[in-house]
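Think of it as A, B and C in the order they're written, each chain with its own count starting at 1.
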Amino acid sequence: MERPRHQGMAKNTYMRWRLPLICLLWEVAMIILFGVFVHFGPEADAHWEEEKHQMNLTSDIENDFYFRYPSFQDVHVMIFVGFGFLMTFLKRYGFGAVGFNFLLAAFGIQWALLMQGWFHSFQNGKILIGVENLINADFCVGSVCIAFGAILGKTSPVQLLIMTLFQVTLFAVNEYILLNLLHVKDAGGSMTIHTFGAYFGLTVTRFLYRPNLEQSKDKEGSVYHSDLFAMIGTLYLWMYWPSFNSAISEHGDAQHRAAINTYCSLAACVLTTMAFSSMLQKKGKLDMVHIQNATLAGGVAVGTSAEMMLTPYGSLIVGFICGIVSTVGYVYLTPILESKLHIQDTCGIHNLHGMPGLIGGIVGAITAAAATEEVYGKEGFIKAFDFTGSYKTRTPSIQGGFQAAGIVVSLLMAFAGGTLVGAILKLPIWGDAADENCFEDDIYWEVPEDEESDVYHMHNPDKAASP
Amino acid sequence: MERPRHQGMAKNTYMRWRLPLICLLWEVAMIILFGVFVHFGPEADAHWEEEKHQMNLTSDIENDFYFRYPSFQDVHVMIFVGFGFLMTFLKRYGFGAVGFNFLLAAFGIQWALLMQGWFHSFQNGKILIGVENLINADFCVGSVCIAFGAILGKTSPVQLLIMTLFQVTLFAVNEYILLNLLHVKDAGGSMTIHTFGAYFGLTVTRFLYRPNLEQSKDKEGSVYHSDLFAMIGTLYLWMYWPSFNSAISEHGDAQHRAAINTYCSLAACVLTTMAFSSMLQKKGKLDMVHIQNATLAGGVAVGTSAEMMLTPYGSLIVGFICGIVSTVGYVYLTPILESKLHIQDTCGIHNLHGMPGLIGGIVGAITAAAATEEVYGKEGFIKAFDFTGSYKTRTPSIQGGFQAAGIVVSLLMAFAGGTLVGAILKLPIWGDAADENCFEDDIYWEVPEDEESDVYHMHNPDKAASP
Amino acid sequence: MERPRHQGMAKNTYMRWRLPLICLLWEVAMIILFGVFVHFGPEADAHWEEEKHQMNLTSDIENDFYFRYPSFQDVHVMIFVGFGFLMTFLKRYGFGAVGFNFLLAAFGIQWALLMQGWFHSFQNGKILIGVENLINADFCVGSVCIAFGAILGKTSPVQLLIMTLFQVTLFAVNEYILLNLLHVKDAGGSMTIHTFGAYFGLTVTRFLYRPNLEQSKDKEGSVYHSDLFAMIGTLYLWMYWPSFNSAISEHGDAQHRAAINTYCSLAACVLTTMAFSSMLQKKGKLDMVHIQNATLAGGVAVGTSAEMMLTPYGSLIVGFICGIVSTVGYVYLTPILESKLHIQDTCGIHNLHGMPGLIGGIVGAITAAAATEEVYGKEGFIKAFDFTGSYKTRTPSIQGGFQAAGIVVSLLMAFAGGTLVGAILKLPIWGDAADENCFEDDIYWEVPEDEESDVYHMHNPDKAASP
């Protein structure tokens, strides 16, 4: 079904050698680096029996696996089904949404195991991995999935793999600065994952600005069933977000508390999203775009503070506000970003991850600054903020200041990294689609003959006979 | 696409002020009440370190979080994806099914945390919450999702939020009567969730009887893909039901046993459902309505007894019977309920939750009455039925009697509550749809231009060019 | 919509008495056998309190339930949603894919509990079951789901129930030979589940060869949305495979290690699948069939070795190879199998389970043979391979030999069993569809009036009015 080309120069989107080459190159590099560096950590190594004696553990249940594996699996579902299906809302880009998300995440987790391993799990020349590393790798890739949302439908898989390589690298550097140098708390990643991922992606999409994208406008919408597929993504993100925010918190009360706070924030967020979705439409009808996205902002915005003593009450307030901010963003801000700033944000990640991520960083800073020994208990206070060693004398208000600094650093890293990657991706060699072919699966995928064609055949029985 | 109105008075379904108002009102009320009442329980509070010493716990793994969080997440999926997608079977009400279920459940869990908290977790003027409270809140909302099934497609979101407020309240009262006053066991909620939820919903839908609903009959069916979406809901309910029935049982053997019994009952139920679905159709073909629903009846019907020594054998028998009862109900009873009793039950909750819930209550009463110290062991017997304190002298047969009383109380509460709520929802101010617009998303939702339209465009290339 | 019959003898696919009869017969048999044999194991029995004292356990958390239940639920999802939806890719066989998978698995797990129970959990005339039995039953049924993939769309539900009965029986025998007689390790079932299941299914489909199947060729493809439904299955299989391979490993490091190895292998497999899917198509476009299936081969191929010290590095290599082998298989081998060997393999299970299963067996044999006390530690070495009792003197290289023997035994059992079952299923009394009606739901299901019909009505408003 050839369409008339609006532009003279149809782009070369032929992937046959480019995509295999980069996939194999990346993967061979992973194998070599894993061979040199990656070993099992003590809790996954067959020497565990001896380890147990040394650590004075009496039972296998003390293995970190049992503390974190259920949360890991929930996070895993969020990355692959949650983000993947959330982006299937486009009527003809479902394969690309799920499939490319699958590809970049599968590569990204390997590279993240290495990058984060060098920074955080490096001992005697070896990276020692366990279930917590798997969670962190998934987290890191989460930020790439977020950035993918901004450029969804406008990039080739080759571009995505290049972006993943760079973004994972920069993520790990930023994370190291925040967690190790600034000694910032960010268990659910409001800053490291959401703020960084969103503004990185927005910078990249600014570089890839397509002034004639309205040529694909008819494909940049949903159909009835694609909206239902997207709701699968939404609901899995929403339901498992308590696991996301609690997955790498300290054992015991911190994990428990993080899950409760996130549960509360998300619940409140749904009500204000529905309220404003209806209120901001002349006809008062609900808009699936808001329900699919803004309902999740509450989870983003307690990413930093969920493991702190935010309280269920505070969580409800954060969720309340974020549902409003995010929905209002979709209605008013997204069009302005495109028209004034030339930022074309396919999934509206600025509303779902950008602003809520910033709010999350701020809420975290305030919650940390407001911490007292009375509220946390003497031991709990030290444990919650890890005020030990060289941080023994840090006070809550100073911690709050460092938390705020973490937001700024994440933003700067996102802009700088996004600029670098945006410039690279703009090179005309990566096989991205022409403006009139964006949001269309059949550029990169074998798309089956359509249901529509079936209809045609059914009403034309003669045709059905001939293959 | 305007259709001719069959009735003179088209209803005012404009939601723009009504829905935002009630959402914001409800949520602000939640925030205030949470601020006054809700605190972290000892296992989620930062004082946990001190708590551990007091409770003589040596490891964080003893935190209730690790006993129950995986089950909680499974239950959470059942409420939001399970119930939400189960109801997407209607061809043009998928947004309403998933979206309104999402809305009412997100509000309901907050209100349930308060209502159940006042009854069960109230200490020194504070509600202390932990993971078990989250599960119970989800359970409570489950009963609202059930009732929603009866009125699916015929009510406005405002009506649903009002129903949720009342039903959660009454659920908590009923639960308090059963668990605390009657000292009844009902871990999987055959009585408190299913019997109460179903007969409550049936009473409400009786009040909202629409004599001219056949005007929407063409929309009260499924299409091929909507049936597949519904199967996602079915399977998640089916697979996670063992977690549902074991989620709040005592640690150890009781949780273990409840999961096994439920697994067995559900497996048997699938076979009798298939058998009778085929047998009751003249052509012998299977009906998706039965597969989507009746296969779950086995989980409902062991809700009370799963944690008892029902045995896998007994569970198979219960599942066997319920698959038959439920399927027969769909074929013969549902039409009679509508024609004779004016009960229009969109999802057939009477077959899936009503009758199996009653059976579950009865099976629970019998299993309790038949309990012996020999079967349970001396300690196990006391632990299983909590025959301590003022219940020290209660015998199994007396317990069986109280269990039976629990069924009656649940039924009475359901009828009384359903009458009250049905009367309120009948007021002509809540924006429900006219008879000819039931089961149609575009009353309350922005519905995207259709795939069908695409077809039209494809066969009319001229049209496709003009935006 | 009557179609002209290409063959004179239209087959009798009337299920009304055959399907109910077999369902009820099978289920009644289960109830009787469960009544005679199945009891709760010590960790699920109400005597657990006393058991705890005897086993010197201080906490309920030591109950095996907490070690394995989260993994069990993941495996459960793989069997019912994973396999079920993976097979919904066919445009008009979604009900059959999900529904028959549901039916055969629900029956199969009951029969597997008995068969495996007699072999492995039989004490004093009783089968004692716990959560590990549930996992093993799901595993066993997994091999039936695999075989179902080969004959998808070509068999009646009655045939499937007969196949399930035999295959579960033979699975249990084969498993007993491998695990108990040969003392082979196979925690993730590369041999017992995948190799056995695949070659069993391929043998059956060889017997059921339909020379005129091209009459249904137009239905043996996907449509856009059916491919997205299939991706739900793919992703759940992919995400939860680490749980699958670790579910029944020893507590502690073995479970932990198995999850990490599987995670790595699967990640690598995605990249080589994408690379070769693009490379092997002239146009360089990705093919959903490969993405849906070959990305999973990495999980199959570390099924035996994942709990061993395969290392993340080794896992990446295995995944790398299997993505290639599997994709190449889909492109070149599947057509040859059909044309030369008359093996019609609907889902391509030979590429996803057959070859990767064999590779998995071989990798397992090599990994076992290469094991040293240095790598595993003294205690870890004995624990990993259970070199105790009469196997005290077995060396790694001998173990490797027995592992290799396990592959051969599994293959022989598969061919012999497949021959037996294929011959039985060929009898003309089971109600399978005629060649021109394969891959069509409306032979066995009430299929709702179509979306297509809606379109028709929309364009013919007169028709829409008349019911």
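As a convention for this text, contacts are C-beta pairs under 8 Å (C-beta built on N, C-alpha and C of every residue); 3 or more make two chains touch, one makes a residue touch a chain.
For clarity, every value in this text was computed on a predicted model and none was experimentally measured.
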Following contacts chain by chain, what is the lowest number of steps it takes to reach chain C starting at chain B?
1
Do the two copies chain A and chain C share over half of their interface residue numbers, or under half; same or different?
different
Can you grab the rotation angle between chain A and chain B? Superpose on CA, round to the nearest 5°.
120
How far is the middle of chain A from the middle of chain C, if each middle is the mean of its Cα atoms, in Å?
32
Could you tell me which residues belong to chain A and also touch two or more other chains?
61, 66, 70, 225, 232, 451, 455
Give every residue of chain C touching chain A within the complex, in rising order.
61-62, 66-67, 70-71, 74, 91, 217-218, 221-228, 231-232, 235-236, 238-240, 242-243, 251-257, 259-260, 263-264, 266-268, 270-272, 274-276, 278-279, 281-288, 291, 295, 309, 311-313, 316-317, 320, 375-377, 379-381, 383-384, 451-452, 455-456
Given the complex with chain B, which residues does chain C contribute to the contact?
14-17, 19-21, 23-24, 26-27, 30-31, 34-35, 38-40, 43-50, 52, 59-61, 63-66, 69-70, 73, 76-77, 80-81, 84-85, 88, 92, 94-95, 98-99, 102-103, 106-107, 109-110, 113, 129-131, 134, 157, 225, 229, 232, 442, 444-451, 454-455, 458-459, 464, 467
